[in-house]
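My questions all concern the structure below.
We call the chains A, B, C and D, going by the order they appear; numbering starts again at 1 in every chain.
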Amino acid sequence: MIKTPLFLATETLTLQTILNEIADTMNASTERGTVANYIPELAAVDPNQFGISVALPTGEVFNAGCAQQLFSIQSISKVFSLTLALGKIGDAVWNKVGREPSGDPFNSIVQLEHEHGKPRNPFINAGAIAVVDSIMMGHEPKEVLAEILQFVRYIANDNSVAIDEKVALSELATGHRNASLAHFMASFGRIEHDINKLLGAYYHQCSISMSCEQLAKSGLFLVSDGVNRVTGKQIVSSQRARRINSLMLMCGHYDGSGEFAYRVGLPGKSGVGGGILAIAPGKASIAVWSPGLDTIGNSKLGTLALELLVQRTGWSVF
Amino acid sequence: MIKTPLFLATETLTLQTILNEIADTMNASTERGTVANYIPELAAVDPNQFGISVALPTGEVFNAGCAQQLFSIQSISKVFSLTLALGKIGDAVWNKVGREPSGDPFNSIVQLEHEHGKPRNPFINAGAIAVVDSIMMGHEPKEVLAEILQFVRYIANDNSVAIDEKVALSELATGHRNASLAHFMASFGRIEHDINKLLGAYYHQCSISMSCEQLAKSGLFLVSDGVNRVTGKQIVSSQRARRINSLMLMCGHYDGSGEFAYRVGLPGKSGVGGGILAIAPGKASIAVWSPGLDTIGNSKLGTLALELLVQRTGWSVF
Amino acid sequence: MIKTPLFLATETLTLQTILNEIADTMNASTERGTVANYIPELAAVDPNQFGISVALPTGEVFNAGCAQQLFSIQSISKVFSLTLALGKIGDAVWNKVGREPSGDPFNSIVQLEHEHGKPRNPFINAGAIAVVDSIMMGHEPKEVLAEILQFVRYIANDNSVAIDEKVALSELATGHRNASLAHFMASFGRIEHDINKLLGAYYHQCSISMSCEQLAKSGLFLVSDGVNRVTGKQIVSSQRARRINSLMLMCGHYDGSGEFAYRVGLPGKSGVGGGILAIAPGKASIAVWSPGLDTIGNSKLGTLALELLVQRTGWSVF
Amino acid sequence: MIKTPLFLATETLTLQTILNEIADTMNASTERGTVANYIPELAAVDPNQFGISVALPTGEVFNAGCAQQLFSIQSISKVFSLTLALGKIGDAVWNKVGREPSGDPFNSIVQLEHEHGKPRNPFINAGAIAVVDSIMMGHEPKEVLAEILQFVRYIANDNSVAIDEKVALSELATGHRNASLAHFMASFGRIEHDINKLLGAYYHQCSISMSCEQLAKSGLFLVSDGVNRVTGKQIVSSQRARRINSLMLMCGHYDGSGEFAYRVGLPGKSGVGGGILAIAPGKASIAVWSPGLDTIGNSKLGTLALELLVQRTGWSVF
């Protein structure tokens, strides 16, 4: 294996300067997008916030803006549950979900009908629900959640990570579209658990609260071939880490994945809470957060901040 | 800009060994897929052929198998015409085509109807036809072709690159689907030139013949931020080179782009002639060729060879 | 208003002979289609049964085969709930459902996504669920069912009509697709009641058991401009009766409606229990039943029997 | 066969009065829809025109408004070419086109891709082009046109019916969408003739000019079981006439067929020239014309006039 060198420690002074400049630019921005309004608890979040955190495999972390502010990671959690599912059942995950971009919005059901209830990838809602179904293995939602939460704490190396119960309940109350997706898959015999329990687990997983710094740290295993070099733990194999990155690049921003690849050029996963986790393989794990979304549902300032960061650092994988 | 180092010259002995082993494995394979049968001239090609070529920014080229055998590059030419179009009209190209994966086969028309005749990306057939339309600028097909051919010779640094007229005529005779796509876009006012002339230019572009070695050399500008370091020529800007790579990764293998990213992890563009051009940014430009295709229309052994190469070299962008 | 004369009483001897011949032909048939297998209680029905009943506005009824055998009317009930809904909320029904054929299978969800959750017509499953939602008006399922059942008894002039509870429970247990449709509509704010209660009411409505004779009698109001001439009751206005007939012709056999119109030429509504109610305006109300279905889900012998009947009587509306 | 009596001659005084009232109402209307703008010659027609003609099997004809004004019958011609095709190749027509409503606009291509290039019915554009292909039988467009024109003159019993060459040329110049449909079908091997010749024949067929009176007379064979009782000629069999009527009812108004059936309740075929031919089986053949179209492409006042006529006469088939 021919290795790429890490980002050099001598350059880290520059990095803090870059992040400060980006945070200043973002804080001055007046076009912040729209906060997600279909989950009541999220709709109440103040849009005038921005945070960024960059974690290096060396253990160094660079922050700017409100990088310690907790927010709802929402769909970013799909990366973690996919990783967990791959660990538990291996490539059998791909019997439940595909690996192709969908070309449709995150909650589209058209593709499901055309492909006999099999979701195109694990990052659209239907796919993520199917992934949770694959890790339930007959257990109760609270047991599954305990396992997911423990896993996130483990990879983030931070036992304070928690679920925001109010957000979870807020989602349950408004989740007709996800219930539709789950029942649709079930009608093809693709769901093994009770729909209400499954959705309960899914919504709680999406309601994990993290700060930019926690989130950036949790992505470190994807930077270094599956190993969190700070803790020394091998989370997944090298090949699997690279493949998770490829899925993030191809499918991590729903119908805006092509645009994100074009502008930013890094594997990334967004959530409607306004967070984005981006991985610069061999270099850094980056988390940004700003609650305002673009029309596709990705953080508007978060994407812009990553675009600027990559321009300054040359971290694009391309 | 923080730079990634090039592949080290001292490792090149290893590289030749790797290529030889891959060629041996491919030549021993009995599952070679199916030669494209809808273009008569291509259907006649012997499927028992395999070639691979790796061009480094240092100027070194490593070959194995029939790397000098000419084949029809077909859709790989779309990378070159897109590059040419970006040079001629800049980002106005994106008024004609989008930048998202389509989630549909290469010749699907469904997406066009849903999006008012605008192709999702420049690498599906409709998008590539729209790109050719954008570079015709009122000229006759033969003038446009001369320009495209001159450009390919320029980036390949090889004046012997030519069009296979028999393949071009073979396509013209069977191209109802592409004619349908072109007329469909025209019905939305998106095509500026006569359909027959436009398709004539398109088919001739697709009928460019190249060897693996020529093709690998032609991709060098995408390895090194837009500069062909062997000739010293700046073909496109650094940002544009990276963005072309991102488009290749996201959309270069049609509805199998996710699979290619997952297995190979490099920007790549396939053609139904059985060729694939893959770019390992900062490292190498790679061309493979084997005429048998998988069900989606990408070279079966070509993909497998690239998967092995990346496993051995660690060149995945992820 | 220029009236069409009724079927003449002197011709009724002929009619019994025609029905007997049709029943003989059907009983001798060996190609009976497949009994619906996705509702366990229906899957257990013996496919070797056939019944036909013709009710005239004069009060005469002609039967052949097992015309007194009870069967599950399933989707035929959608005609009755639509009629009831039109009586309760009038043309406001058309805010909830459209009036166009769908061009898709009975349980397709694709159309719903393309048209913002509004079902194309009241006879596809989504549309029928929306119709039930419109007549619930805040009541409990058992109250709504009582109302529907009372209405069916009223138009059939037969108080013995009842719901088969075993079929209703059988549907509840397997109804993921309908749950998906209901939640999907709810996600667009188009459903006013609790999904479980709504589906409970819907499944019980579909589980009404009737014989061919009961069913034929229940259609008499559609034969004579909204009036059941036997009982003298005006069920709906003349215009509304004709419009219900038009909806049955256009949409009553799902994606096989064109075929039914072509072969039979009468307004008709099929159910997966194997029944069909067909209306010859001004002439007769006809019910047929045979459990085996064609690939689209309509009774195979039932359709054939109606085709023969129309050939013999000239009752096609065309 | 049990016969329905004809409209009684003694009621014809009433009929003239009804038509006069309808024409007065239409002429006073200020909401006339929009004249088709994608065929330049049609776009120039004065929208302030209305004509209606009712032809009875007795030979009587009743007119009101500008019933002698020639207009372009456009898609109404599809009824005639279908009738001709059924006469020439019989039910083999149904190998080329289906018999189901499409649920899509008249020029949609989505359905074609989903169903391997086979048009859903003979009245959407793709289906009508396939029908013309089936009657060309290797002949030149002008020979085919001569045959179609001769047939229309024969059924209309009027040798003055002619093609408006200016309209035909106007369509040729703007027909990218139809060219796309034809090439798409050809890509599935479903078209036997040269696309340009085929479209030439198709556009000329659509450019037949007729008056309301001529058009009403031409529909008489569909009123009386395939026989034009005025001329005594049997044009098609009784069964075939009824089946053509069923296709007109199911598919004659594109994605507005359900609405037309609901409001008017007669088999009908519209054209973007603003004409509609409607058949009241056993009663009358009716032609209306007013150039302004609704959003779906059917004559706005023409539909309204037919709705009023049916309310006054009770001619709905339902």
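We take it that contacts are C-beta pairs under 8 Å (C-beta built on N, C-alpha and C of every residue); 3 or more make two chains touch, one makes a residue touch a chain.
Chain identities (UniProt): A, B, C, D = Glutaminase.
What you see is a predicted model; the values in this text were computed from it and never measured.
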item	value
Chain whose Cα centroid lies at the greatest distance from that of chain D (Glutaminase)	A
Interface sides of chain A (Glutaminase) and chain B (Glutaminase): same vs different residues, half threshold	same
Chain centre separation (chain A (Glutaminase), chain C (Glutaminase); CA means) in Å	49
Inter-centroid spacing, chain D (Glutaminase) versus chain A (Glutaminase) (mean Cα positions, whole Å)	56
Centre-of-Cα separation between chain D (Glutaminase) and chain C (Glutaminase), whole angstrom	32
In chain B (Glutaminase), residues with contacts to at least two other chains	none
Topology of the chain contact graph, where touching chains are joined (line, ring, star, complete, other)	ring
Interchain contacts, given as pairs of chains that touch	A-B, A-C, B-D, C-D
List of chain B (Glutaminase) residues in touch with chain A (Glutaminase) within their complex	1-5, 7-8, 11, 98-104, 111, 120-121, 239, 241-243, 245-247, 249-251, 255-259, 261-262, 265, 267, 281, 311, 313-318
Contact set on chain C (Glutaminase) toward chain A (Glutaminase) in their complex	108-110, 112-114, 176-177, 179-184, 186-187, 191, 195
